[in-house]
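Okay, so subunit A shows up in both of these, paired with subunit B first and subunit C after.
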Partner chain A sequence: MIKLFLKNMTPWYFLIPIIVIHFIVIAIPSILSLALCFTDWNGFGKINFIGLDNFYELFNDRVFKLAVWHNLIWTIFFLTVPISVALLGAFLLTGVKRFQLFYRFIFFFPFILASIVNCLIWKYLFHPKHGLGPFLENFGISLFTNSPLTQKETSLFAVGFVDAWHFWGFLVVIYITAMYQVDETLYEAAEIEGATKWQKFRFITFPMIRPTFVFSVLIIMIWSIPAFDYVYILTGGGPAYSSEVLANYLHFQAFRNMNVGYASAIGAMMFIYVFIVITIFGILRRLDWEI
Partner chain B sequence: MSTISYSNRDKIFNHMILILLSLSIILPIAVLFFNSIKPHVELGTNPLGFPSEIRLMNYYDAFVKGNYARVFLNSSILVLGTLFVCIPLSGLAAFSLAILSPKGSTTVVIGLYLLVGLSIPAQLYILPLFIMWKYLHLNNSYLGLIIIYSALNAPFAVFLMRSYMIQLPIELFDAAKIDGAGPLKLFTSIAVPLSWPVFLTSGLIVGLAVWNEFLFAITFIYDDSIKPMATILFSFSNRFRNDYTLISAAAIMMALPMAILFILFQKRFISGLTSGGLKQ
Partner chain C sequence: MLKYIINLSMGSLFSLFLISTPSFSKTLVTWWNWGNEGSDLAVTITEDIQNRFNASQDEIELKISFKGEDVNEPTRTALLAGAGPDIITSSGSTYVRAYYDGGFLKSMEEYSKKYGWNKQILPWAYNLGVFDGEFYSFPKNYESMVLFYNKTLFEENGWSIPQNLSEYESLAEKIKSMGMYPFAYGSSGWQPTHEHLVGNYFNTYVGPDNFYKALIGEKKWTDKEFVEALELLKKHMLDGYWSGSLENYYATDWDGFSAQFVNREAAMLPIGTWGFEIMQAFSDKSDDWAVSPLPIISKNGGNPNYQLSIGGTMSINASSENPDAAAKVIDWILSDKSRVLEFSAKRGYAEWLIPLAYEASDFEAGADPKVRDYLIDFAKVTGAGDYGYTTWTFYPAGAGTHIWKDMESVWANDITVTEFLTEQQKLWDEARNANQLIPIGKR
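Up next, the complex of A and B:
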């Protein structure tokens, strides 16, 4: 009996080391965070339980509401612009044989560069004196005279643009993998019917890659909420909170203000959002929604 | 493989759009490279183009001013340390999930646990983790960050390795078991030699992730002397705010090792980075 028990334990021995590390680094702090969001702890003093006060405060916090709004804009931006460009790129790529791997290599390249490197590239290109602005003015195109990163109206989109610039090639690769699995006879049939390129895309390609497409929507919705690097490096959330997002605001509250409880409450809100998104997708999948 | 047949005119059109898209990626990177080999005085007259005079000393200057010998070492310690902890331990876990108990409830429980772990935003746990690490004296040390990186990358590595190991012929393991090999022996003498490609792929992806990582590096390491590449480059770019040639050279130095690896192992990088989520 004991021997049988030990035998069944063997798989666990192999799992325990990494699971313990993962548990210490991710599970325990996450649980702690979910507990700390009901306190007013500042990191070293006494811990007072204050119930839902942090959350009441959040809902009256102008910056927090602004950050939520910006994360929403960010998500919508990523769900439209990079996805459209990537779908176009992938669809065109299936039509070329020559240089295909080369294109793929190029498109994917920024994805392996560090966020700081990509940010430095674009910080320079947005520079009012050296960058693209004065260059384009030589041709009579007035795109921007100040760096879009420093203007209240454009800062969020400028940051989003840089992040999307490095990200869309990733989408191309996952879309094209799916597109190559589409049955060729479908296109041949459409060809006989005299379908246009757009019709082929709309009625064959797109429906056939829907699982991958939905997957990309899911990861964008999940990844858009903790978006941090590009905002922190390029604008730090400014000017005047015009590009503030949740992750950056949380970092500010946590490591500048040492507002442990308050920051935990922001983290909890982000977690709840991700949890809801995943649950919805899980339910849809259960309902055989073919995603 | 399915392709759509295109007329020649369409093909040219396709290539034109694809070239435009490629240029939108190549040109910005080219500008960074040009600036890295440009004399500083030329920036004013020729901010975007190819330098009229090539000055490789920028690299030397950046190397010295940024103390890059040290920084390279710091980043390398973090990458190698993480690989040393994360890859063998993830391999053991993947072996357990794929071979020892391929259909057991263990697999379901652990798989679900890692999946939940993957989708928790880092911001939820970074602050309590910071406080925990402070009490454990792991803040501001390689070891502390290596443990964190191992945990962050483990779910990905485990899933990738499991999906590979599950395709290994089970008869090999059965035969070895009859010969009296224990589970650890099965792992070291059968599973590892047969699945080295996936070890290589996960090693590359985890190495890349650690080399480029920013959020945890900037939060957990605050001594300049042990900061890795990403955060040094960040403070460097603030310190020499207007010295773009210097900053560009530093940025190229950071990007180069990974760019070379990417050129050498393009297929592995792409399949590894895209399959992480897709296979589940």
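Up next, the complex of A and C:
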């Protein structure tokens, strides 16, 4: 009996190091951060318990509400534009026989660049004096008179575009990997039946890569919430909060405003969102949805 | 064989002891500074402060470490853990206030009296480090907002520095009509740049006396003068005074506005004295530059002033085991003005300009005469009490971030100036009630 128990425990011995590290690095700070939601700590001195005050303040905070709205737009943007482009790109690439590796590298390249590099490239390209705007004006095209990053109406989408430009190559690679797993004979049968390219995609490729597709949707929904670096570098959430997102606002409150308690409350809201998303996916799986 | 190994080990240990003896006998003083190991800044500080101090005496071993571009975060983490260096550096007043409130700073009152720091440091700068009657920190750099202008361009066109609002607006229109920007400036890469402009308009339109009264709570931020100043700033911003348009201002970074000014795309550059660094680019230009206090833009004019600002602080850690030795290091730095200036000159006077009362004799022969004259003038003018204030030095954390973060909402017409200032007043009231204000010396 004891022998059997010890044998069953074997995998846990291997897991102990990672569990300990996870506990110290992730679990304890997360629990502490959750506790800080109920305080007015400035990151230095005394910690005072203030109950739910931070949450009451959050729900009256116009910037927080704007940030939530922008995160929602951001998520929808990433669930549509990069996914559509990546699906199309991956599907077309599967038909390319020569230099395919080269094209894959080209698409993936922005993903391996540091975000600061990507941001600086686009900051210069959008620059109203030396960027694409003045260049296109030489040909009579008035597209970027002002940088889209500096206008309220376009800043969020401009930042989203730059982030998507670096991100979609990653999606291409995971989609194309999934597409290569699809049984060739299905396409051959469809070919014999006279299926068009769209029909092949619609009835063979897409259903067969659905688990990968759903995985990409899940990670986009989760990753869209802590979106930070591109916003921080390109606009800082401006102009006039037009590109403010939750993670940037959290950083601002914690490290500029010295309002760590309030920042923790924002973090808690972000955690609740991610928890809900994961729970929904979990429930759908239990209901035998093929995701 | 065993005997040989034992002898060898003993010999090695004895050699190690001999080599290490000088270190053991010295008191170690640690100091964290910003900058990256191996950077120009780190090399200069190591050679000119650490090595020169260590060579100057035999009792103390000074060790300066560089903690990256943001020294505040590692310092904060270390202090919370009851550790950290003996000498603490911070980015400015709000951090000192927070460190003081957290009980992380040792009072330097005793050292100040012993070494005479209270007489060496300029009074306004000294007062910034006084909490509840005791001295806790001093600025290791000071700055002021000034106006750099293209002297050649001004002489060619017979322009002069404006003395009041109508002259200011008239000059701006003349410059614009020539296809130039009145001012080179932009906030790309550093959003808090907006607060420079707000502070400029508070000092030059509202005036330092009213600004001071609002800082100490004798006036409201919602008073008419402040509303008018920000309405004027908004009008000028939307009229394209800075880089031609609000959008261009947002898109222009340090390199961009430096190039605008040096290449005659803009006639003036209102910036902190860290802008002296930009003026080096005039060395291969036919144009010459000049510097002056910011023009007074109230309707009836007034006396130009320098705005007080600090760019970093130094303190002693409350949990330091060697505070006396740390104080000796600080005294070594403060006691020789020529050495401070020599070192600061190597950093283009943008760093390590400790607020001491400099005189002409403190400068070495090759010092830039424009910088020298400015520094002497600054000490003289501010010593006489003719000075203004900067938001990033005298504002508490919440109001200090709101002043630049929400200014964009005013310029975007999302909120009115009155709404903006009402929120400012609320944040100031909260900070005042929570005793979180920055010490403001009596005017």
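The rule we apply is simple: the second predicted complex is superposed on the first by the 268 of 291 C-alpha atoms of A that agree within 3 Å, B and C clash if a C-alpha of one lies under 4 Å from a C-alpha of the other, contacts with A are read in each partner's own complex, and residues count from 1 in each chain.
Convention: contacts are C-beta pairs under 8 Å (C-beta built on N, C-alpha and C of every residue); 3 or more make two chains touch, one makes a residue touch a chain.
What you see is a predicted model, and the numbers here were worked out from it, not measured in a lab.
Asker: Putting subunit B and subunit C onto subunit A via the overlay, clash or fit?
Answerer: After superposition on subunit A, subunit B vs subunit C: clash.
Asker: I want to verify the contact counts: of subunit B and subunit C, which reaches more residues of subunit A?
Answerer: Here the partner covering more residues of subunit A is B.
Asker: According to the stated criteria, A:Ser147 is in contact with first (subunit B), second (subunit C), both, or neither; which is it?
Answerer: In the superposition, A:Ser147 touches subunit C alone.
Asker: So, A:Pro128: does it touch subunit B (first), subunit C (second), both, or neither?
Answerer: second
Asker: Given the touch rule stated above, what does A:His22 touch, subunit B (first), subunit C (second), both, or neither?
Answerer: A:His22: touches subunit B, not subunit C.
Asker: Once the structures are superposed on A, label A:Asn257 by its partner contacts, choosing first (subunit B), second (subunit C), both or neither.
Answerer: After superposition on chain A, A:Asn257 lies in contact with subunit C alone.
Asker: Determine, under the contact definition given at the top, whether A:Gly43 touches first (subunit B), second (subunit C), both, or neither.
Answerer: both
Asker: Quick one: is A:Val217 in contact with subunit B, with subunit C, with both, or with neither? Answer first, second, both or neither.
Answerer: In the superposition, A:Val217 touches no partner, neither subunit B nor subunit C.
Asker: Using the superposition on chain A described above, determine whether A:Ile73 touches subunit B (first), subunit C (second), both, or neither.
Answerer: neither
Asker: Residue overlap on subunit A between the subunit B contact set and the subunit C contact set?
Answerer: 43, 123, 127, 129, 255
Asker: Mind pulling up the subunit A residues that touch subunit C in the complex?
Answerer: 42-46, 123, 126-129, 146-147, 149-152, 236, 238-242, 252, 255-259
Asker: So in the complex, the part of subunit A that touches subunit B is made up of which residues?
Answerer: 10-15, 17-19, 21-22, 24-30, 32-34, 36, 43, 85, 88-89, 92-97, 99, 101, 103-117, 120-125, 127, 129-132, 134-135, 165, 169-170, 173-174, 177, 179-184, 186-187, 191, 197, 200, 212, 215, 219, 222, 225-226, 228-229, 232-233, 246-247, 250-251, 254-255, 260, 263-264, 266-268, 270-271, 274-275, 278
Asker: What part of subunit C is in contact with subunit A in the complex they form?
Answerer: 73, 76, 79-80, 94, 98-99, 101-104, 188, 191, 245-248, 250-251, 256, 397-398, 401, 405, 408-409, 411-412, 414
Asker: Within their complex, state which residues of subunit B touch subunit A.
Answerer: Listed in rising order, the residues of subunit B that touch subunit A are 1-6, 10-11, 14-15, 17-18, 21-22, 24-26, 28-29, 31-32, 35, 43, 47-48, 85-86, 89-90, 92-93, 95-97, 100-101, 104, 106, 110, 113-114, 117, 119-132, 147-148, 150-152, 154-155, 158, 183, 187, 208, 211-212, 214-215, 218-219, 229-231, 233-234, 237, 244, 247-248, 251, 254-255, 258-259, 262, 266, 269-270, 273-274, 277-278.
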